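Sharing a structure here in structure tokens format.
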Amino acid sequence: MAAELAVQDVSLRFGGIEVLQEVSFTVEPGQIFGLVGPNGAGKTSLFNCISGHYRPTAGTVRIDGTPVQGARPATLARHGLARTFQHPALQLQETVLENVLLGAHTQLPGGPLAWSVRTRRTRRAEERFRGEALALLERNGLAWAAHLPADELSHGLHKGVELCRALLMKPRLLLLDEPAAGLPHTEVENLIATVRRLRAEDDITVVIVEHHMGLIAALTDRVVVLDHGRKLMEGTAAQAQSDPRVIEAYIGKDAADDVA
Amino acid sequence: MSRHFRSRKALVIAVASTLALTFAGCSREGGGDGATGAAASPGITDTTVRLGISTPLSGSTAGPGTCTVAGVKAYFGAKNAAGGVAFGDGKTRTVEIEALDDGYDPQRAKANYDSLKDDVFAMTAGLGTPTNRAWREAAIADEVPQVLVMTGDPLFSDTQESPWQLGFVPIYQNEGEAFGKLLVASGAPHKVAILSQNDDYGAGYVEGFKSAVEGAANIEIVDELTYEATDTSVDAQITQLSASGADVIFNAMSLVPLVVSALQKAQQLNWLPSWFLPSNTSSPGAVVEPGGGAAFPGIYSVSFAKAPASPAFAGDEDVQTYLAALKEHGDYPDAPAFPHCQWSWMVGATLEQAFTTMTEPTRDDFMRALRSIENFEAPLMLPGTAVTTTESGQPAVPTVVVQKYNGKGYDTVESLG
Amino acid sequence: MATFIQLIVDGLSTGSVYAAIALALVLVHQATGLINFAQGGMAVLAAYSAWWLLSRGVPLVLAISASVLLSFAFGAVVERWLMRRFERGDPDTAVVVTIGLLTLITGVCGWLFTYNNQQFPSLFSLDAVTFLGVSVSQRSIGTTVVIVVVMLLLQALFAGTKLGLALRAVAINPQSAAFSGLPVERLLMVGWGLAAALGAIAGALVAPQLTLTPGMLDNALVYALAAVILGGLSSPIGVVVAAWMIGVLENLAAVYVPLIGYDLKVAVPFILIFVVLVVRPQGLFGRKTVVRV
Amino acid sequence: MAGARMTTAALSDRQRSWLRRAGPLLLVVVLVVVPLVFPESVNETIARIGVFAVAVLGLNVVMGYAGQVSLGQIFFLGLGAYVTAYGVSNDWNIVVVFVLACLIPAFVGLLVALAAARLGGLAIAMVTVALPIVGVPLAKRLSEFTGGSQGLSARFGDAPEWSGLYDDQWRLYLVLAIGGAVFLLTRNLVRGKYGRVLGIVKKNENVASSVGISPYRYKVLAFTLASLIGGVSGFLYMLVIQYTSPETMSFGHSIQLLAAMVIGGAASIVGSVLGGAYYVLVPQLTNLVDPSLTALLQGAVLLVVLFVLPGGLASLARPLGRGRRSRARHDPAPLITPSATTKSGSAADTPETERQGHP
């Protein structure tokens, strides 16, 4: 049931600034797809166009062939799209488990009345998802933190929590925005293993924005390189790493943000 | 998460038990039983009687509210200093005043009443219609006197509806009516503009005025506007009324700054009608002088109390005693800025009048005594007015006289002009 | 027709009263990102201090100037010793602290100066100027002129001076302002001090009309808030124009829209806010900003 | 770090199991006993605390939990009180009156919210300010239903013969039962599904929408619930005070409710009770000290409490007092600051109120 994502001629303008210019690519169902490029290339903006947080100025975004540009993010989430953010936003005073459970929102039955009288149905559903959330945390090595308030965890671990939250939504299309940023080396290995397992066990399409080329190379089937809002090239990670245009885009213009 | 709320629940219990300890000293009594037979009611002993007041001492009506306490405190302060008040049952008692702030909030007025009712013999002198109405029914149910209160709401003077109540100041309708009668009696044609406060105060005034001028051929009401007590300006109303060509403005306003600015605005527009001002906003020093009242052909007001600032009463013995007592016993060092100070002084005198004819130390007997006062000329009362409590539907002071501003104070007048 | 124009002129002078407080609100918001409910109370306190000096025989202009200086100091002290504890915390708490400050100041004024109405002399004569059948007092003209001058000064402060830019930088993001070497704490004190000083001017301008009481500006504060939102929090010109609009439109609505009348004219600014914000969420004159996700 | 945490958790686990069984039972026992042991004036005071605790609870739902500044809560209390007074004086069945006193404010709240929730943070505040400010003259104008400025009296809830209770005891039981039910239902609601939703809508609307939550919908829901709870508090207000007038819903009281909520503790169930207690007890306290210094003392009390406990009284109940402090540390930008949109924030640190949804 993994989703197909097709981005076609997407452009985005803020005032006079061209953030994205006619970007097109297609992600096949079940692929792990990389979006790379120097800072300011427009990767996150493109994510926002896909997830509905921004409305593209022109072009179409299709999920399984249905145009979704301009749809509200909540609507897209209900149709199987999940995402993480560059800077995770958690409820810091709540426990990690509660934060993950937010991902179950659309699957929990019952309206406000049912929840305020705690019908058996709502209690059971809550129990069930509590179990699922714990299992997800377990899988990501975070079970020990489940009952700790989120603000006792490091920034890096917040990303893991956020990933669990997104996975609890049982998405068909998962957008990961810089999942490795700020992670220590060992954690990156774990992350790679986690995403690989995702593909093996869950039927899911993954799009990753990342600077960490090691991670991109280890995980992705295909990548698109963006620079200044334009698609520079598309191919495998290996092709991208050896493409002179890509090297120029990184080294020549943004040496500070070199390949990790 | 859940750990937190468990301990919060523990806190609820802790708070509840703290409350329990705090109030443990009190014991249940009264609670609707009222007084039976000749046993003394709460708040009265052989040597003291205690009176309660709930009135605004903070907020926008704190000025007049403070006065309602100061006058009565001053009156009984002076009496206590002279030995106390001789009651009709042969005992002499000192009078204690317990005044609480309600901030003109009905809910807090009710709270004040609840906390006072078992301690005091009677509630009195409090200012405000909603704040007095808030606990009127409770006072009836508990049979606690709520008397000589400062509201012109007729409900408090209806013996049938309000057996334990009595208003003090003339009902608003009476004041409005007095103006209307004067105007009709002038015989000359007059065009009247009305500007009134949008509440029972303004409406009562206007109702009384209209009932007096109804059918009179010489009076025409040309325009009628309202304003809100929360407004910062009535300029627009005065502008609109000035275009009506009226030569008289009937101005039922209870807010000093707005009356002052209304007087000023009319002068700027070169509109100089005769003004009718209500009793509580016609102070010569605080209203008419700063408003430049001398520019108008006549500023009329109704009153039943001598204005201490008026030169006519500068040497008046009543006024001298009053001002001295206000300073010494009323915690009110300044010259009184609101007539409520004088009124509550009269409330003190009226209460004393009732006390002297009480034969039993009960609330029942007090109400009987209070309701049988006739033509009592309380100190500071103007000639032609008196306290009469025997007439149902009328407050303790049922009559007012119309007065005209003379550049310094007010003179009683019989006719316009 | 004469009445119509007179109503507009009346509305402008009432609007100027709202504008005076609104400007102080804008200044403190620009400097600290907070809405200060105590702004009116601080202005009243300033007016009382001027009034007290007057009663000691100090000439009016001198008394007002002294109260402006005192207010600056008071504002800075309030920021340093009270607000600072709340500036990085929950903004709701900070707002409630300003409410507490308002209550406290009102109580102190009532305690020291009683709740009676005190006359406050005006800098300007009350004599009317009549022009084309419309009359307006010199006091209203004077008040309006002073407010326009203050407004222009503020606009210049924010737009063109280093101090103004620094104040804004601090309000927008204290951390990065601190990183870039701005003396954040001192700037916050200056911001509050300036707002309080401005409030003192406002208090002296409106006290003659409203007469001095501890709650003198309570009712005007709501209108000032409305003007601030309507005009856009970042624009002194915007809030003054909005305050005038409110003053004029509520008069016209009261007279010419029978359904509204004088009792419901208070709804006018809120209807106006609602309509304007639906079209322009940043207010009439506020800066449009890009929201980044 | 984690290890130390575990020990505290284990410790409180034992306490928890004890409290889980004994806590609710003890609470019920206390609530049943309280009306019987106290004198009338104390019962009246507790009943009033109940009234305003419910009002503060409503405010907490929309503001404490969902983060939408509301300065109009008192309007819904007033509306509920008017509906109750009107129904009682027309001899309607009291259950019908109660239902209407909940539903009419909820409906009005829904209509207001449908419009207001489209606006940003401070704009919502201004739309809600308008409610009490316009409500007062409106109540006067609709004098046919409201009794105009003289207000409406309605006495109901006297103790039935069979109960053998005093009126004040019976009324306090009613307040405790109705108020307790509202508290229980609300407590359930703000934990679990809806609690998480309101929390994330307050914290970050973009994250909320990314998990399938429409922030607008839940803001409307929170506002409607707050109005409904406000209506309940209005019903209780009539039960206890027995009188309402336009003064009841004056703007000043709305501000005091807001102060009570923050003093009690925002986003806290216990905080709502404490806020109600603050609202009722502090004026009584200042009256004891010096009735002529009410404003001064109230202002001083408010400032002192917040200075010592910026998280409100409820933070006393939070072990280690950590909840609020950590929030403060991570949410540097003030809520009331639309101009802060100029900041180039990310999803995580741009305050929620400034986002207007789609660009």
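A, B, C and D are the chain letters, set down in written order, and residue numbers restart from 1 in every chain.
Keep this in mind: a residue touches a chain if its C-beta (ideal position, glycine included) is under 8 Å from a C-beta of that chain, and two chains touch if they have at least 3 such contacts.
All of these numbers come straight from a predicted model, not from anything done at the bench.
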**Q.** Chain whose mean Cα position lies farthest from chain A
**A.** B
Q) Going by CA means, which chain is nearest the middle of everything shown? A) D
**Q.** Chain pair showing more contacts of the two, A-D and C-D
**A.** C-D
(Q) Based only on mean CA positions, could you tell me how far chain A sits from chain D in angstrom? (A) 38
Q. How many Å are there between the centre of chain C and the centre of chain D, using C-alpha atoms for each centre?
A. 30
Q: Calculate how many whole Å lie between the centre of chain A and the centre of chain B, each centre taken as the average of the chain's C-alpha atoms.
A: 71
Q: Please compute the C-alpha centroid of chain A, do the same for chain C, then give the distance between them in whole Å.
A: 47
Q) What positions in chain A touch 2 or more of the other chains? A) 14, 53-54, 94, 98, 147
Q | Residues within chain C bordering two or more other chains | A | 106-107, 110, 214, 218, 263, 266, 290, 293
Q: Give the residues of chain B that touch two or more other chains, as numbers and ranges in rising order.
A: 1, 58-59, 66, 198, 228, 230
Q. For chain D, which residues are in contact with chain C within the complex?
A. 63, 69, 115, 118-120, 122-123, 126-127, 129-130, 133-134, 137-138, 140-141, 206, 251-252, 255, 258-259, 262-263, 266, 292-300, 302-303, 306-307, 310-312, 324, 327-328, 331-347, 350, 354-356, 359
(Q) For the complex, give me every residue of chain D touching chain B. (A) 9, 12, 15-16, 19-20, 23-24, 26-27, 30-31, 34, 37-42, 44-46, 48, 133, 136-137, 140, 148-151, 153, 155, 166-168, 187, 191, 237, 241-248, 250, 252-253, 268-270, 273-274, 277, 280, 283-284, 286-287, 291-292, 294-295, 314, 316-319, 323
Q) Within the complex, which stretch of chain A touches chain D? A) 14, 51-55, 72-74, 77-78, 82-83, 85-89, 91-94, 98, 101-103, 105-106, 108, 110, 112, 115-118, 122, 126, 144-145, 147-149, 151-152, 165-166, 169
Q | Residues of chain B defined as touching chain C within the complex | A | 58-60, 62-63, 65-66, 198, 225-228, 230-233, 235-237, 239-240, 243, 256-257, 260-261, 264, 267-270, 286, 290, 292, 334, 337-338
Q) So in the complex, which bits of chain B are touching chain D? A) 1-13, 15-17, 19-20, 23, 26-32, 57-59, 66, 99-101, 103-108, 110-112, 114-115, 117-118, 129-131, 133-138, 141, 153, 155, 198-201, 203, 228, 230, 331
